[in-house]
Amino acid sequence: MIVRETPGLLTLFLEIRGSVIRRIYPRVLIVMALSALVVWGHSREPQFIPLVDGAPFSLVGIALSIFLGFRNNACYDRWWEGRKLWGRLLAASRDLARQTMVLARQGGIATGTRSRLVHLNIVFVDELVRHLRYHDRLNQTAEATLSPEEKELLSTTRNPPDYILQLMGETFAQLRCTGSITDIEFSLFDRTLGEMNGVLAGCERLRNTPVPFGYTLLLHRTAYLFCFMLPFGLADVLGALTPIAAGVVAYTFFGLDALGDELEAPFGTLPNDLPIAAIAKSIEISLRQALGEADLPEVPKPVDTILL
Amino acid sequence: MIVRETPGLLTLFLEIRGSVIRRIYPRVLIVMALSALVVWGHSREPQFIPLVDGAPFSLVGIALSIFLGFRNNACYDRWWEGRKLWGRLLAASRDLARQTMVLARQGGIATGTRSRLVHLNIVFVDELVRHLRYHDRLNQTAEATLSPEEKELLSTTRNPPDYILQLMGETFAQLRCTGSITDIEFSLFDRTLGEMNGVLAGCERLRNTPVPFGYTLLLHRTAYLFCFMLPFGLADVLGALTPIAAGVVAYTFFGLDALGDELEAPFGTLPNDLPIAAIAKSIEISLRQALGEADLPEVPKPVDTILL
Amino acid sequence: MIVRETPGLLTLFLEIRGSVIRRIYPRVLIVMALSALVVWGHSREPQFIPLVDGAPFSLVGIALSIFLGFRNNACYDRWWEGRKLWGRLLAASRDLARQTMVLARQGGIATGTRSRLVHLNIVFVDELVRHLRYHDRLNQTAEATLSPEEKELLSTTRNPPDYILQLMGETFAQLRCTGSITDIEFSLFDRTLGEMNGVLAGCERLRNTPVPFGYTLLLHRTAYLFCFMLPFGLADVLGALTPIAAGVVAYTFFGLDALGDELEAPFGTLPNDLPIAAIAKSIEISLRQALGEADLPEVPKPVDTILL
Amino acid sequence: MIVRETPGLLTLFLEIRGSVIRRIYPRVLIVMALSALVVWGHSREPQFIPLVDGAPFSLVGIALSIFLGFRNNACYDRWWEGRKLWGRLLAASRDLARQTMVLARQGGIATGTRSRLVHLNIVFVDELVRHLRYHDRLNQTAEATLSPEEKELLSTTRNPPDYILQLMGETFAQLRCTGSITDIEFSLFDRTLGEMNGVLAGCERLRNTPVPFGYTLLLHRTAYLFCFMLPFGLADVLGALTPIAAGVVAYTFFGLDALGDELEAPFGTLPNDLPIAAIAKSIEISLRQALGEADLPEVPKPVDTILL
Amino acid sequence: MIVRETPGLLTLFLEIRGSVIRRIYPRVLIVMALSALVVWGHSREPQFIPLVDGAPFSLVGIALSIFLGFRNNACYDRWWEGRKLWGRLLAASRDLARQTMVLARQGGIATGTRSRLVHLNIVFVDELVRHLRYHDRLNQTAEATLSPEEKELLSTTRNPPDYILQLMGETFAQLRCTGSITDIEFSLFDRTLGEMNGVLAGCERLRNTPVPFGYTLLLHRTAYLFCFMLPFGLADVLGALTPIAAGVVAYTFFGLDALGDELEAPFGTLPNDLPIAAIAKSIEISLRQALGEADLPEVPKPVDTILL
């Protein structure tokens, strides 16, 4: 996520960080070069480089705008749903920290149980980040919280966050089986675990199921075809200004298309993706504070305006 | 579902797999041939092949874009709702596996009960795939889990997944009637079964109720009429380039229309449909792992970039 | 609901069943006749039948498309919400059949109670169809399930489905008052009744509150004005082809408008309306099967491709 | 709410009731008069009344359509959310009437309690109508149900419906404190009160927070500017027909804008607003019928096709 | 939030308060000045200041309208979601005040507990306002309710509202551990705290995650480019009227863009932002009234039509 103020007029046009221009400028330049070529070619050999009326382009351009707008809407909704899932995860984690306070009536052992559960919660959140971003390094809290056997199992399981949730579920099931908690309390804790489970399933859904490929392909193709044919339609009325106009149109259409790609997979590490590592750190701070721990991690800061 | 990287510029235009071009190229070619015929005919017999101004086509084309965009939106929402239902099913299945751990306090018999319940859950998911895709072959897990009488009933019932849910419900009702679980625990399990039941009802809704036929018919007709009349409107200003322009427009409009058809019924086996068989396999892996089983099925791999 | 395959190219244009063409063809023909009259009149008396430039028509046509698209979206959402309500009703009915299995611990009396409750559920669904479609005939299951006094009350009450829900609620309240079920079990059953109650309230909302009349009126008027003025704008550039073009535009706009009317009241008996009688029959089959009854009703079949 | 059949072709154009034409005709007439003036002025003094090409108007007109469409969508969503809230209120009221049947086990006192609770429910609904519409007269049921002290407090409180909900909450809290109901039953009743509380908060939200004023202002201004400048753009191509065309455009744009205003505040008493007084009466009938009362109020009838 | 009547025709155009015109007039004036310069320059040196056909501008303008409309929609949704969150907070606060009435059975001590809990609720709401608006001053109710140690902790914690929720959670956990409330009652209170927790997480989500920066940047750039190039496209057909037309277009596009910025961060203190301080005061009034307190704060009044 890019963290910065809306820039002023001058920086607005000079700003490159956070813009999709880095990724689309080759395509925009090709369109502009093609435009220049068409204008030059037509002035020398009008019979070989035909120019045509722009009306059909208006039709295709507006249709393309409508369909691009629709795809962008779908991608933005995915991105925002991803953010909502992590907001629910934050809330569910705080819920668990609050609810487990009731275990204190069991004395010191249960206090240890609460601490372990909240630490497992931190591990779950960290593993979810690793799972969604395909990282490899094990987290410090996991090192301190899990037993050697659990670490072994964690490293071999196909779905680490799911495994951590199972560990939490086992703890509550044991508390229930030994009668340490009532069935109502068990169902209270279970609902919160279910909420985390729902977040996990939602994140996997967003990561594993992109917008239908046929749709992306059709829009990419139409956008390319439109932008590459545009100079022939503009040159007649715009003359030497064609490269500029075609460049603006290409920048807008390719830019929206590229932004859609970025938002479609919201858990990646591109500039406009969600800062799930930073959110995970916030959850950890919130949970450690709830446990009364003093040595809290740093609040994550954006690096070069980008927060991951 | 098509699983692949977004292609580069060259492959973008040469790619056929996953594109709707396979299904719409006859129509696109007809429009292009008709365009060529109109241009040729007009140059020979202008009085018989009239050309007209393109302005009315702009109006119809933009209106058609708006309505096609709306239908595509509705179809995409159906597709995404289908995916969400299967995400809920994954979460509910993991919930049940976690919640049934509490049965362990009942000793060995209940452990067997838990195992049977989780296996029934796997059978439910498999039967749901069969039910939605009209398959015939009985699943291995069903063979191993169900008694002969149950298999018999399963083969005669009109709604197999509903029957499996009933079996699970009966198990919990018996546990409750014998006092093995408290009423709170029963209601906890029942809510999870209710969630699966809701997924079943949602999937049946999506499968049985397409977008209103009158709507599809109207849009198909308008799209055909528009594309077949387009050459007469384009030939005047585009001349010999008419077939290319008409082809691009026809590709976009027929393509979106065909994609809408594909997404409308998201549980089918077309390339852009949902990989529900693969999701079912993932659920099975997750559940077997929760039971501590060692012999896990393979993670499903896409065949020729397509995951079913 | 229309149940049929997407037609091929030829039948696509010849198909009349399920099309809105039956209801709008007079209007479309009037527009076409008016177009012919305008063209003919202008060729004879140009000073009396003025033709105008089409540009203002583009503006109005696109604005109309946007607003029609919006109204169609709202109507489709109503139709789909109606379908979702009936999907929830199916799920809630199956939930009740599953949950009431727990009554079996009470012995034979309670088994009778379960049977009566599930039969009341069938009656509720049937009465809901009658209520939404203003039918008069009492259903067979109601005849067999209700006592004479209850039938009497049913026939005089202002809201029959609500009355049936009260009967079910009374049964559960009695079971609770006599201590046959625990408070948790009571709240479990009550939540399922509450779900059915929510479906009832939702269906009444859709039936009683159409899209604001002012909106419908404004769009109808604008669509008529636009289509009746269109020939004057098209005749100049299209000449003798005006009636065809005006017919296509009128077909699209009137057709969308008429489809919106059909979807706006989704519980009616027009071809594109929801098949709630058939869904009710499916629920009955599912419930009777859950009770283990052998003599199941027929699955409803579409009559002449239309399922009601 | 306007209750009537979709009118036929003739009445469609003559109908005034329910149309926004009553409120916008001065503006439309001004635009038409201005158009006539522009045409006449231009024919006499072309150098003072310049006419311009219509192309820039198309751009502004389409942009305006898109933004008006968006605002109308937002206003319609508010209207429909208001209707959904009242549907939830109907369902919650019926839920409470059903759930309180369980109090019957407490004997005659509790039956009185149930009756008082359901009557308080009726008062709550009536007070909500008064609260949303700023009425002053106290309702008959309130007269009969509340004690003098309660009436006194009701008249001084800042939020009457909230106060009635508190009275209901107090009754349940007393039943719980005296042990007349279990904690589960208390939480069941409490959830239903919470639902009513949510409806109250939702209605207050819709009433107190209109669509952002800056948005309304921007759209009003653009719509006025556009319609007042339109004659200059149309006169060139339409000549003497300009007043008619400008009138149609102004009718559509002003009409949609005015309808948006009407739907934005759905609890008012304009023709297209929600008939909350009638819905309240329906709830009262449903609740009195559930209590077995014989003397039911009349079903509200539309007055001159308008139901309030 | 701006609280005022929709203005009449004259005030509509003269009104400045609440309009975005204050923030965008420099940009609009620049566009108008540039237009005048283009017209003047072209009349003197046509070969240096080329004018071009407006057709390409239509295409870009309509595309820009669609994308701006989409961004405005997203921003409006954020604003409305913020309002919904505060509506839920109002409802949850009233729920807690109602539910805690059940504590009265514990005698005087518990009455004090209820009072403290409701006051903590008021503190939570106030702290949420401070948290979202980065204020510094501690609230009066907090002064009176919190102990010195709690105030100390509140001033050092990183998330004050979260800390207050923890205090409330601790109170309920103690009541549960000492057996003063049953597990069901605990879970009832816990659910209400969970609702407040969800509101907190939702508000933090809206505050910390703006619409993707790349999107805002792309739209700002395209809007500037379009408006600065527009005079060259309009001057040809509009001549001396170009500055007026360009000014209207620039006002609409810049205005919508600026409104989007305002709605995007709905908890700020700009004129169109949500009046969360006023809502917080309403919640306080409602809660104090529920406690029976006599000395209620004033209902917040808009200052110069603006309510914060």
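Note that the chains are named A, B, C, D and E in the order they appear, and that numbering of residues resets to 1 at the start of each chain.
Here is the rule we go by: a residue touches a chain if its C-beta (ideal position, glycine included) is under 8 Å from a C-beta of that chain, and two chains touch if they have at least 3 such contacts.
Everything numeric in this text was worked out from a predicted model, so none of it was measured.
Could you check if the interface between copies chain C and chain D is built from the same residues on both sides, meaning over half shared, or from different ones?
Interface between chain C and chain D is built from largely different residues.
Between chain B and chain D, what is the gap in Å from one C-alpha centre to the other?
38
Taking the mean of the CA coordinates per chain, how far is chain B from chain C in Å?
Those two chain centres are 24 Å apart.
Touching two or more other chains, which residues of chain B qualify?
Residues 55, 58, 62, 66, 69, 184, 187 of chain B each touch two or more of the other chains.
If each chain is a node and each touching pair an edge, is that a line, ring, star, complete or other?
Contact pattern: a closed ring, each chain touching exactly two others.
With touching defined as stated, please give the ring order of all chains, chain C first and chain D second.
Cyclic order starting at chain C, direction chain D: C, D, E, A, B.
Spell out the residues on chain B that touch chain C in their complex, using ranges where they run on.
Counting only chain B, the residues touching chain C are 50, 52-53, 55-56, 58-60, 62-64, 66-67, 69-70, 74, 157-159, 162-163, 165-166, 169-170, 173, 176-177, 183-184, 186-187, 190, 193-194, 197-198, 200-202, 204-205, 209, 212-218, 220-222, 224-226, 229, 261.
Considering only the defined contacts, which chain C positions touch chain B in the complex?
Residue positions touching the partner: 1-2, 4, 6-7, 9, 12-13, 15, 18-20, 54-55, 57-58, 61-62, 65-66, 69, 72-73, 76, 79-80, 83-84, 86-88, 90-91, 94-95, 98-99, 101-102, 104-105, 182, 184-185, 187-188, 234, 237-239, 241, 245, 248-249, 251-253, 255-256, 259, 262-263, 271-272, 274, 285-286, 289-290, 296, 299.
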